[in-house]
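Take a look at the structures listed below.
Look for chain A in each of the two complexes below; its partner is chain B in the first and chain C in the second.
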Partner chain A sequence: MISLLIAIPLLLAFVSVMWKRISKSLFFLAAIVNLIILLASWFPNGVEIHAMGNWKPPFGINLVLDNASFYAVLVVNAFFFLVSLMPKFVESYGTSLMLLMAAANGFILTGDLFNSFVFMEIMTITAVTIASKRDNFYNAFKYLILGGIAGSIYLLATIFAYTATGSLNMAHVSMAAISASSLIAITTLYTIGLGVEAKLFPLNGWVSGVYGGNDLAPVILGTSVSFAALYMVGRLFGTVFHGNGAEVLYTLALITIVAGEVAALRQQNILKAFAYSSVAQAGVVVAMISKGTAKSMGLAYFHLTNDAVAKFVIFLVAGFLVYNYKNLNGVFKKHKILGASFSMATFSLIGFPLFAGFQSKLRMIMALFSMKDFLFPAVMLLATLIEVGYVVRWNVRLWFEEETQEKAETPVVASTIALILAILLVAVFLKPEIFLNGAMKMGNALADSKDYIQGVLSVVKGGM
Partner chain B sequence: MVYAISIILIGIGIYGLMTQKNLFKHLISLSIIDTAVNIFIIATGYVEGGKAPIYTKSLPNFAIGKFVDPLPQALVLTAIVIGVGTLAVGASLLVRIREKHSSIDVENMKGVEE
Partner chain C sequence: MRRLYAILVGAGLVYMLFAFLGTISPYGNVNLSDRVSAHFLAKDVNSVDASKWVSGDKQIPSKMKVFGKKGFEDGSANVVTSIVVNYRSFDTLGEVTVLFASAVGVGLILGGTRRMRYGRKPNFILRVSTGILLPLIILFGVYIFVHGHLTPGGGFPGGTVIAAAVLLLYLSNEEFSLNMVVSKSLEGSMGSLYVIFGLIGLAVGGAFLFNFLPNGVVGSLFSAGVVPLVYMTIGLKVGSELSGVVAEIHEEREG
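And now, the complex of A and B:
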């Protein structure tokens, strides 16, 4: 069944090339069918594999559905579904979005290192076409070049893993004894290869240009694609390489947090400011993943889910404002619902009590103290201080400054979605289990490589 | 020896990316890096004096050390196709950059917002 998650959007993407006019409806169809398939296979609580062409692992390519990949695929597809509800927003990008959906699902589900490289490249190419909306060609080109180099390095790392272990299957590689020097080479190369999509420090130069260039790119790349990339960081460094090479990730992530927040504070463009904030949050998540225990990884993905929901609202509202008003001063006086959801999402970003961000930040800091790590909480608190600075500044400017312009038409569907998600953030504060249970299951599945190896190499359920 | 060639080519590609101002040359550099990685992959599967991995009368059994590894070759085929896709997207973007900013040289481009 799970291979349908990749096959349906891929098939409909090709169909939509011939019927451009109905590409939006096809995108909606693909998103809703995928969600139904996922709801039918709710948290498998074990490892289900689907061996393509009935080749028994470790031979051939297999798709793996365990609690970790299920939660990631669920979050990714939910965001695609939300985007597909807004046809005005999708415009003529239905085909690209469907391809991106197929690639993101495949990237998460695959149990094969080379296959994940292929899906990552498809993801980069389709993300570039989405980034080039509204004539944002130069920034999209920069993203393509960086993404291309990252792809090459990722491929090189895959080949190093192949020569060291003689296998490309993740479970098999995870089982093999790799010499220390090979491990250093492989993990370093994977850090660079994933660093571009995961927005790690020296490799995130593309983020502000791509997220700041149009309204569609940040909403989908900042939520779904980031989640897919950060899932892969957890899968590779947690399950496959058992936490080797995590020190490099940890250091880079801490630098990413500080650099991202400082850049966000200085930014005058609202989309770019929150693009940098998304970089900083990715840093928090990667640093938390690099701690390597089941609990820390679960909390990392809990925080990532909260952040992705908040960022979806922020980018949705900010994208609407930037392309309908020349001067943003006081626009929320005209759009109270959009304004309220934006403020709620930004406060959740800081980690203000009453919103989801508070639950995840508090839990992360407590978990880190119990691990005797004091540097990362200090960095996180410093980052929160900077966040308060720019969040309050943007809220004051958008709510209270003198308004100058005529009112633009309010997007009904977008403001409803933004409001529902903002209320969801409050609900998560009151009842964190909504996200926390799934995220903790994901963390346990990622940390438990024994279960993963056994599940993949013993269970055989062929074909579809 | 073959490894050295691929490492030198990666170096050339990175040098091109860092020094050139023409965006088309960036695309070429990317392509060079792709090729270098492909050469590296092929080299890892090479066996001195090895034959093509096909069962024939002279090689009826699977004999380690007499066949070259077929897997890297299959991987490279896929990687080449992906490289061509990237190149095509990049070239089409360059056409639009030229239309919008009237040049593909970083120093002469007009109206660029980073």
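And now, the complex of A and C:
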């Protein structure tokens, strides 16, 4: 079954080249079929593998569906489904979006290091294509260069892992004895390779240009693709390398948080401001993952889910505003629903009580205190202070300043989706189990590398 | 300042790579039976007990000759093909998709509709030799991908050679322009066909990209099961795709 998650969007993407006109409907079809497949295999609570071509691991390539990859795939596909509901948004990018969906699913599900590199390549190239919408060529080119370098370094890391262990299978690499010096080489190279997609500090120069350049890129890249990339950080550093190299990640992530928030505060363009905020939140998640326990990883993905939902709303609304109004002052007086959802999402971003962000931030800080780590909570609280600054500034500007322009047509589907997601954020505050259960299961599965190895390598024949 | 930063980062990267090179064991000191690829060479993956193999009980691959014999789990005489299109076929599907994604991106970014004219007459030698070479180049490309499971080559190089023929047509004739409908449908249908082969494998053998045809005698033209079919689809797809890219580069936007 799980191979269909990749095969169906891929097949439909190939078909859509022949019939360009129906590519949007095909994208919708792919998204809905994938959601149905996922709902049919709800939380496997074990490790299911699908050996490609019946070549058993570690020899062939295998897909792994455990609680961690299931939760990640579910979140990613849900966002793709939401995007597919808005055909106005997709324009002629249906084929690229389907490829991106197939690649993100493959990247998450694969249990093979080289295979994950292949899917990362597809992800980067389609993401660059999407980033070039609205003739945003310069920034897309910057992203292409950085993504290309990151891809080659990821490949180099994979080569080092192969020379050290003689295998590409993640479970096998995880159980193999690797010498300390090769381990440093492998983890450093993977940090650089994943750092571009995970938006870590020295490698995130592309983010503001790509997210700020059009309306489609931030909505899909800032939610689904970053979720996939951050899942891989947890999988590699949590499961495969047992927390080796986490100190580097931790340091870089803390710098990322501060740098991202300060840049967001200084930014005058709304899309770019929240692009930097998404950098900072990625830093929070990576720092939390680098603590390495099941609980910290679970909370990291809980926070990431909240952040992704909030960012989806923010980027959706901001993208609509930027491309329909020249001057954003007071536009929410005309679009009350969009405005309400935007404000709710931004308050969730700060971690204001009544919204989902509060639950995740509070839990993270409590967990960190119980681990005797005081530096990270301090950085997080400082970041929250800066966030309050720009969130309040944007809300005041968009709600209360003097309005100057004619009203543009309200996008009905987009505002409904934004409102539903904003209400979901409140619901998560009232009942955090909606996201928390899945995220904690994901954290447990990522931290438990013994179970993963057992599940992948003892099974001889792959089933459907 | 920016330049200094760039030099520092570059120097750091170079230093790092040199430092990491020391972790690779020197040539000749690697025990090849520790590598999964040893069993790809011997075509005996199915006879290895994977759970024992990973826990250190390495089996020495058999040293038998495989050419001209039958009854192996994989039938390609070209060992690269047997890894690329059979043992790790999913990676190849991914690589095909990488190329496809780039071609889609080129189409969306360039978005040309009209053949670009350079206002320069191609010279005599180019025009005449194109007529002579074209069928030979296409034949060579087809040969490469049809024999991909026997000799070095395969779908990617074969398709690239065919696209080179189209490039030659573009260079030698200002009036020539590729029929994009044909190239797009060939590209799309061949790409779908690869996925459909995978899905047939899923239906027949219970695993995506399962080799559902008999392997035959290693070294004969009709052997290796599904591999030659996959290589033909890849060859046609890559050929039409790169031709499409060549065509798009030779087009310009209106106005």
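By definition in this document, the second predicted complex is superposed on the first by the 460 of 464 C-alpha atoms of A that agree within 3 Å, B and C clash if a C-alpha of one lies under 4 Å from a C-alpha of the other, contacts with A are read in each partner's own complex, and residues count from 1 in each chain.
Note that a contact is a pair of C-beta atoms (placed from the backbone, for glycine too) under 8 Å apart; a residue touches a chain by one contact, two chains touch by 3 or more.
If you're wondering where the values come from, they're calculated on a predicted model, not measured in any experiment.
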item	value
Partner chain in contact with A:128 - chain B first, chain C second, else both or neither	both
Contacts of A:18 with chain B and chain C, given as first, second, both or neither	second
First (chain B), second (chain C), both or neither touched by A:221	neither
Which of chain B and chain C A:163 touches, first, second, both or neither	both
Comparing the two partners chain B and chain C, which touches a greater set of residues in chain A	C
Touching partner for A:229 - first (chain B), second (chain C), both, neither	neither
First, second, both or neither for A:383, with chain B first and chain C second	neither
Touching partner for A:208 - first (chain B), second (chain C), both, neither	first
Chain B versus chain C as contact partner of A:318, first or second or both or neither	neither
Touched partner set for A:138, first chain B, second chain C, both or neither	first
Chain A residues contacted in one complex by chain B, in the other by chain C	114, 118, 121-122, 125, 128-129, 132, 137, 156, 162-163, 168
Contact footprint of chain C on chain A as seen in their complex	3-4, 7, 10-11, 13-18, 50-61, 92-93, 95-96, 99, 102-103, 106, 114-115, 118-119, 121-122, 125-126, 128-129, 132, 137, 156, 160, 162-164, 166-169, 172, 175, 179, 181-182, 185, 188-189, 202, 457-458, 460, 462-464
Of chain A, residues touching chain B in the complex	114, 118, 121-122, 124-125, 128-129, 132, 135, 137-141, 144-145, 148-149, 151-152, 155-156, 159, 162-163, 168, 208-209, 213
For the chain B and chain A complex, residues of the former touching the latter	17, 23, 26-27, 30, 33-34, 37, 40-41, 44, 71-72, 75, 78-79, 82, 85-86, 89-90, 93-94, 96-97, 100-101, 109, 112-114
Interfacial residue positions of chain C with respect to chain A in the complex	9, 16-17, 19-20, 22-25, 30, 34-36, 39-40, 45-46, 48, 50-51, 53-54, 86-91, 93-95, 97-98, 100-102, 104-105, 108-109, 184-185, 187-189, 191-192, 195-196, 198-199, 201-202, 205-211
